[in-house]
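In the two complexes that follow, subunit A is the common piece, with subunit B as its partner first and subunit C second.
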Partner chain A sequence: MNMARLYKINSINLVTKLLGIILFMIAFSVDARGVYQTDKDFLSEAFNNEIPKSKVVWNKGQIRENISSILGHDYASLRIRYWQDSSQSSWILEEVGKEKPITFGVTIANGKVEYVKVLTYRESRGEEIRYPAFTGQFQQAEINDNRLNRQIDGISGATMSVRAMTAVVTLALYLTETTVIE
Partner chain B sequence: MTFNKTILAVSLMAAASAQAAPSNEEIWQKLLKMQEQMADVQQQNQQLKVENETLKTKVEATEQVAIEANEAAEALVEATEGAVQAASLNKTSIGGYGELHYNNLEDEDGKDKKAIDFHRFVLYFGHEFTNNLRFFSELELEHSLAGEGKPGEVELEQAYIEYDINEQHRVKGGLFLTPVGIINETHEPNTFYGTERNPVEKNIIPATWWAAGTMFSGELAQGFSYDVAVTSGLKSYKKTTKDDGTDVITYKIRDGRQKVAKAIAEDLAYTGRLKWTAMPGVELAVTAQYQENMSQSTDATAGSGTLIETHAVVQRGDFGLRALYATWDLDGTGPKATGYDEQTGWYIEPSYRISDYFGVFARYNEWDNQAGNNADTEYDQIDLGVNWWPHKDVVVKLDYQAQDKPKGGESDGFNIGLGYQF
Partner chain C sequence: MNRKIRTLHRTIGAIIAIFVLMFAITGIFLNHTSDFELDKRYLTWNWLLEHYGVAHVEADVVYLLGQRAISQFGPQVFIDSTPVVNSQSLILGGVIIDDLMVLATQNELILFSHEGEFIEKMSESAGIPPLIRNIGLFHGEPVLQTRNGMWRSDFMLDQWEAISLQGIGWSQPQAMPDNVELELAEYFHGKGISIERFILDLHNGRILGNIGVWFVDIIGGLLILISLTGLWMWVRGIA
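Take a look at the complex of A and B:
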């Protein structure tokens, strides 16, 4: 048997084994892209199962201008719902990463981010932004002049999703600042 | 006296009695009047009742109108939001990038380059058939003008169908970028420093490198991903005949890109990559590729080829660092005889982001496509420059390069670039 033939057989064996390993991983994999947490579960968790009645911010006038400035484009909704009790407010907001909208849940207390979660991820890349190692960077973040007061380290290959999350957290802080403390 | 008083009292009582006791006729008349008044009151009451009913009906009608108006407004809001969201969820998407370069290089070998070139004009087209089945493509016009005898080319660099097997794993088939290096897959001009792409990935990997085949990708654990691909391979064997009739044989990796254009698929390539991105701002990756025959069996001495590439990308706060090492090992006697059996390069690139708009970098590159020989065939190059992002997706670049060629030659000068993506 010549060497080229031997290499060919070896490499086919190698590929077969690799495919076997992958199929094994696929068979036992759980939890990734898709719906990580429903809106209701997010709110239940945020408000200890006592979800307050939702309120609405109308996306108009100066608020609309500021939202556009924060996102770099208009927000694709005329109303923005939020939930608020005496200590905190929670926002469910959407922003497009590269092609698809990502749904984020943001909870804010005392003008600072308590936590941010990816509720639904629809892009085909960049789902790593959902991990606490990444979302933890936003904890206790605030805004100054509608800009986040800290730098967020990105994820290689997920630049657009990182941008989307940064913009949404900034937006939630802005909306809280202008509407909840009234 | 007493008598007089008595008379006065009787007279007064008589007068009083006459006042308190009207006649029957008077009483009758009063009763009739009262009856009339009662009738008026009843009529007025009836009118008020009617008016009240009318008002009530009007209030109810107004409430109904208000409810309907509110519902109409709600429906309008929802319809508007739905239309906006539907527009943003268009199943077909387009995008692209482009870069214009000006090079001003002085070359000691007499190959000075003072040129302006719209190096790349790229359009992306994608389409979502369903939530888990999609198409993506990248069509590129290089150097503005393509055709016979023209400087440029029209290239199809990506065109694949991707299917999500489940939430963590996907498979694609078609023509796609090889999972290797830093800039091979992410090369929009606003994402890297330097007008020209770094020479190490260009000459050793060789970026931009695409092939046809199938690839599985997915997540193994939090921030730990893999890619495994079986694709068409390189054809790096090249024989040119000089004017004096002698043949020159090379196995330069970059020359082996077949670009999936009636490519010979005698010998396939097997590629695997592991990538770690669990820490924000950090990417560590290693890629290995094995190819059965580096000439697609057109040269009996070419032998197989193995690529090992590893890199780190760090962007923590304002500081950035990119470092990459790549090496090819060609095991045939042909490459061994010409020094092409080892083709190696590496670079390191620290950078600093001065603000959201400006960043500076320095890069040291070293590469050798004939590292297997004893002759001096190594290149090294230093790049220093600045990027200005007037918008996060638009960049203007200025950089200086100092290249040392084998045997002491130099190619120094500066480059200016303008790039965008959308």
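Take a look at the complex of A and C:
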């Protein structure tokens, strides 16, 4: 009798704990939206608090065609701003994940990706792409014929966000090439 | 008793005759909406659009820059009746600088060409002073009023110097031009009221709102009553 009661109490405790864990997970996973780093903080970090004057690439002519080819659609703005010093350039770019634009910060050095960050995430799911465990895949990536030279492993449930990040990194590498040509 | 029934029958008949006619005619039309393409033809009478509440649109804010009307509806920014960009922050003002239209929100400048092409959003990282309150012009140069003072730049907009000036032409919200409001009303509400919807609302009384629905219910009740009184008289052989 006592054993049965003890078993029942333990079962109730287990269920309560499981419910608690599930509620905790839901509370911290329902809304992925947020500003994870401001543009200014991203640039301060990239350039050790000495942010160079910004420059722009005009999204026109052949550049526009290539950008459309990389993204699969036109980039929204006519002017794309970037920051560059003697060793690297940083780009703050937006691309729609599933429904809403995600703001990415990409830093390029010597034609290779130094790092990529999610600055603002507006989708309700899929923010796992912001973790270094995922973004690390892009480190030292390059482009050949405007295609990334490596395969990026996806994340279940974040397919569109992964696609957006891959497209933006490719775009940043391409845009950096155009600035070198300039 | 028979006389009373006959009087009731005739009185109800006189009251509902016009409505029975209307139900019959609108009903016939509704049976043939596809044949007459009533769902593809629109009524644009002003009084009707006003009645349905689709004659006007109410923008959060409107600025006139040159010949263009800049308006904001929630996050959507329009140039005339074309949606051009989304902004989560309210537009606080706008000016024309050379070949640019420049809109100011709390922490960004949004740039457009005169043709309405979106050029870019410039924020603090591009050198824009944050916490903007308004934008204006001083001898053709852009001036920002921010929570931290007044700033002036040139057409490049990427370098701002702190200043203190008088006589700045600050941007002011304005009324929506009628022609743009008409176009926006069409953008938000469609081409007008379809004839099918108008006839259906006549038929079920919704043209007069909830009161109209109750009124049609009463007419329906009277129709039941006239049918019953008619049957009564027929059974009793009353002429």
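Descriptive notes on the structure:
One rule holds for everything that comes next: the second predicted complex is superposed on the first by the 147 of 182 C-alpha atoms of A that agree within 3 Å, B and C clash if a C-alpha of one lies under 4 Å from a C-alpha of the other, contacts with A are read in each partner's own complex, and residues count from 1 in each chain.
Criterion: a contact is a pair of C-beta atoms (placed from the backbone, for glycine too) under 8 Å apart; a residue touches a chain by one contact, two chains touch by 3 or more.
Remember, predicted model here, so these are calculated numbers, not experimental data.
Of the two partner chains placed by superposition, only subunit B is touched by A:153; subunit C is not. In the superposed model, A:52 lies in contact with neither subunit B nor subunit C. When the two structures are aligned on the shared chain, A:163 is found in touch with subunit B, with no touch to subunit C.
More residues of subunit A are in touch with B than with the other of subunit B and subunit C. Contact with subunit C, but none with subunit B, is seen for A:80 once the two complexes are overlaid on the shared chain. Of the two partner chains placed by the overlay, only subunit B lies in contact with A:96; subunit C stays clear of it.
In the superposition on chain A, contact of A:124 is made with subunit B only, not with subunit C. By the touch criterion stated above, A:39 is placed in contact with subunit C alone, subunit B being left untouched. Shared-chain residue A:133: touches subunit B; no touch with subunit C. In the superposition on chain A, subunit A positions 76-79 are in contact with subunit B in one complex as well as with subunit C in the other. If you check the complex, the residues on subunit B that touch subunit A are 77, 80-81, 84-85, 88-89, 93, 126, 128, 131, 134, 162, 164-170, 185-186, 191, 216, 218-220, 222-223, 226, 228, 230, 268, 270, 272, 277-281, 283, 290, 292-293, 297, 304, 313, 315-318, 392. Of all the residues in subunit A, the ones that touch subunit B in their complex are 4, 7-8, 11, 14-15, 18-19, 22, 25-26, 29-34, 76-79, 96, 99-101, 122, 124, 127-128, 131, 133-134, 137, 151-159, 163. By the touch criterion given at the top, residues 38-40, 42-43, 51, 53-54, 56, 76-81, 83, 92 of subunit A touch subunit C in their complex. Interface residues of subunit C facing subunit A in the complex, by the touch rule stated above, are 85, 111, 113, 117-127, 158-159.
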